[in-house]
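As written, the chain order gives the labels A, B and C, with residue 1 at the start of each chain.
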Amino acid sequence: MRALTRGVLGVVGFLLVWELFGRSGLVSAEYLPPPSVVLGELGKLLGDQLFLRDVLATVLALLITVGVSVGIAVPLGLILGSVPAVRYATRAVVEFLRPIPSVAMIPLAIVFLGIGPETKIVLAVYAAIWPILFNTIYALDELDPLLVETAKVFGTGRVRVLFSVALPSALPFVLTGIRLAATTSLVVLVSVELLAGGSGGLGQFIMLARSGAGRMDLVLAGTVVAGVIGYLVNEGLERAQRRWVGWNAATGGRA
Amino acid sequence: MTAMLDVAGLGHTYQAKDGAHRAIDGLTFTVGAGELVCVVGPSGCGKSTLLRTICGLVKPTEGGISLHGNKIDGVPEDLAVVFQDYSRSLFPWLSVQRNVEFPLRRSLGRKQRRARAAEALELVGLAKAVGKYPWQLSGGMQQRVSIARALAYQPALLLMDEPFASVDAQTRFELEDLLLKVKREQNTTVLVVTHDIDESVYLGDRVLVLSNSPASVVADLRVDLPGVRDQITTRESDAFVTLRGEVARLLNVGRPTAQRKVAAEAAVAAKWAEAERAALREAHAEDHATN
Amino acid sequence: MTKFFKRWIVFAGLVVVWQIATVLADDPFFPPPTEIAEAARELWLSGPPDQLFLTDIVFEHLIPSVSRLMGGWAIAAAIGISLGVALGRSRTALEFAGPLLTFMRSIPPPALVPVFLLLFNVGTSMQLATIVFGVLWPILLNTIDGARSVDTLKYETSAVFRVPKWQWVLGVVLPSAAPKIFAGLRVSLSLSLVLMVVSELVGTDNGIGSQLLVAQREFDFPNMWAGIVLLGVIGYALNTVLLAVEHRVLGWQPKQEHSKPVQLATAGD
């Protein structure tokens, strides 16, 4: 309870400093509007259909991205994690591809795919695959050999072992990977919306608010909403992790 | 003999939201300069609270402690501790040499530190391991490093908290003899907290027997054994056997009812010790934030 | 040698396959690797001998880009580690700052690019601000987590031996937290590459990102691919250097835990 009070005080303190700073005239209110103005704008925006449509566009893209990444990265991770030869052979390729920042492909992707939503989703998927892939591989490495032995003793086949033993015990790590992937995708999605436009979304809203009328209050309101989405995604996935794999809190659950 | 450590009417009660726990009650005893005193008591009786009040890590709610005449308020100047859990008490990122030098940085220059550490490591028979990391050593050797670290500090009083409880029996004998040798050669004043009756008699010039929680002194026994002791002959001697029997009787060891009671109390005490450590952690975090 | 060979043979094979496929397909979007390599050489390695054959583009675009990346990352590391130790060792301060930090780090950093654009104008300080704000969080949160979980017995040992404050912080808290801090630094490094590109794509005339935009406008696909590959190489190189440093600094660890995937700490739990 005390911690909660202090946390609230911390936020209120921050807003107060910002408010005073914004009203002090040190920085033009046009550049850094005080939070009272931003929150007021935010309130209006939440009733604005167009804005809500932008928010929805980003959230939908995020959901699709995470779904597609999981669909690609988890099976891939299971293969690479359980067949050492394949993993060894592809290591150099993976190590080469991973560090390429997906945003660097924005110019190429725009020419190639246009500026529709598929562009940002493809780029975000590219970024989101890695954390899930690596966590899945790592989870299989950490797999308790005793569990596998036990399963084999009972005559369980290789594929069955994979699905009934390996996957459940890898789940905490995979969930951590998904959480990281979701956060990363949000960053990439907002970046692409910001830089490429065309496909709607929060990023585009923010960019238009800035370049059109120079409405910093709208820019900041949009940023706050982006932060709330980021918070909800992270918090939600963390809760899911804690609830579903609470039994493994000591190892994989911690992140 | 002058009193090096003077504990007078020491009492401590832990306060928590859901009640209070009296850990020690009216403890009074002294330790003379150059003496080795063993404090023995049933598990969870408040031994560790006693040790932490002497270190100045816990402020007692009643009574007081003075170390060579100065009342203890906060961690005293020239006191060193050897903890039971060497693996957590040593710093894994420092070599053996640097672990021993660690507490000396405040007061000594580089050369002196190095010399002092080398001397202490020589004394505990680890001159060859100076460059190793703690995890490369066996448990017994790690505890030797802790002992060397405490000795290099040249404390007026050396406190040992169940120092040999986490090593195997053979190593335990070796370390006990090491402690006796060091004490003879350096004339160090030592207070050993232990739950092992044999060990307390074997090591001590005196044995303080504590009661169940809340701890108070039940008996203060003089150990009439020669200064130089031997793991086999000393333990066979009549004086040893009689004394260990006496301590065991005082502790009610081996009687079923007493055992049950002790077990129940140990469980309660463990709970409180946990709460205490949590409180301690919190206090430390604050402590380091504010100053 | 054979190990190295084995490791890269599949990679080399794929490059060859790609080469054949692109030559056969003859699609302007996908130039063959040889063409990309030629473009890269032309772009960056065709300078005069007294510049070590590096072109002016290297000095005007590559080096400023990488400097901003490293600069932003270093500033974030300095702030993140010092603030993280302070917050990690003070429960009160953490309780005050926790929710605020959790929210701040949830903001996708690119969303703040317009804010920084307005506050700092186009240029280095805006780019630095974007990078620093974006990569601060993994370092800060991991440092807090590491500093918080210093072993109680190590605290007691330090307290009993009355070690001075500086020795407690530098000699105990920092080494205890070091494995977590390095994990944070690694995430931050790859994130700073992303943010460097983003900040350069927002209409600047300098840096690797802006070069990509130029290539896009001119429909110069080999140059675009070369830029993308270069960013991958830079990311790989920086990560390798950081891993080597980490390996040295954390050499005292009994078990090497480097293979662990990066785990991000969260404030408050």
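Rule of thumb we're sticking to: contacts are C-beta pairs under 8 Å (C-beta built on N, C-alpha and C of every residue); 3 or more make two chains touch, one makes a residue touch a chain.
Note that the coordinates shown come from a computational prediction; the quantities given were computed from them, not determined experimentally.
Participant: If you take the chains that touch subunit B and keep only those that also touch subunit C, what is left?
Facilitator: A chain counts here if it touches both subunit B and subunit C, and no chain qualifies.
Participant: In terms of CA centres, which chain lies closest to the overall middle?
Facilitator: So the chain nearest the centre of the shown protein is C.
Participant: Tell me, please, which chain's centre (mean of its C-alpha atoms) is farthest from the centre of subunit C?
Facilitator: That would be chain B.
Participant: Give, as an integer number of Å, the spacing between the C-alpha centres of subunit C and subunit B.
Facilitator: That pair's centroid distance is 48 Å.
Participant: Could you state the distance in Å from the CA-based centre of subunit A to that of subunit C?
Facilitator: For subunit A versus subunit C, the centre distance works out to 18 Å.
Participant: What is the distance in Å between the mean C-alpha positions of subunit A and subunit B?
Facilitator: 52
Participant: Among the residues of subunit A, which ones contact at least 2 other chains?
Facilitator: Within subunit A, no residue touches at least two other chains.
Participant: At least two other chains touched by the same residue of subunit C: list those residues.
Facilitator: 92
Participant: Report the residues of subunit A in contact with subunit C in the complex, numbered from low to high.
Facilitator: Against subunit C, subunit A makes touches at 2-3, 6-11, 13-14, 27, 31-32, 88-93, 95-108, 110-112, 127, 131, 134-135, 138, 141, 173, 176-177, 180, 186-191, 194-195, 202-203, 206-207, 209-210, 214, 216, 219-220, 222-224, 226-231, 234, 238, 254-255.
Participant: Quick check: in the complex, which residue numbers of subunit B touch subunit C?
Facilitator: My answer: residues 55, 57, 75, 77, 79-81, 83, 85, 88-89, 91-94, 102-103, 105-106, 133, 135, 153, 277, 280-282, 284-286, 288-291.
Participant: Within the complex, which stretch of subunit C touches subunit A?
Facilitator: Those in contact with subunit A are residues 6-8, 10-11, 14, 29, 92, 95-100, 102-115, 117-119, 134, 190-191, 193-194, 197-198, 201-202, 208-209, 212-213, 215-216, 219, 221, 224-225, 227-229, 231-236, 239, 259-266, 268.
Participant: Can you list the subunit C residues touching subunit B in their complex?
Facilitator: 86, 89-93, 148, 151-157, 159-165, 167-168, 171-172, 175, 178, 252-254
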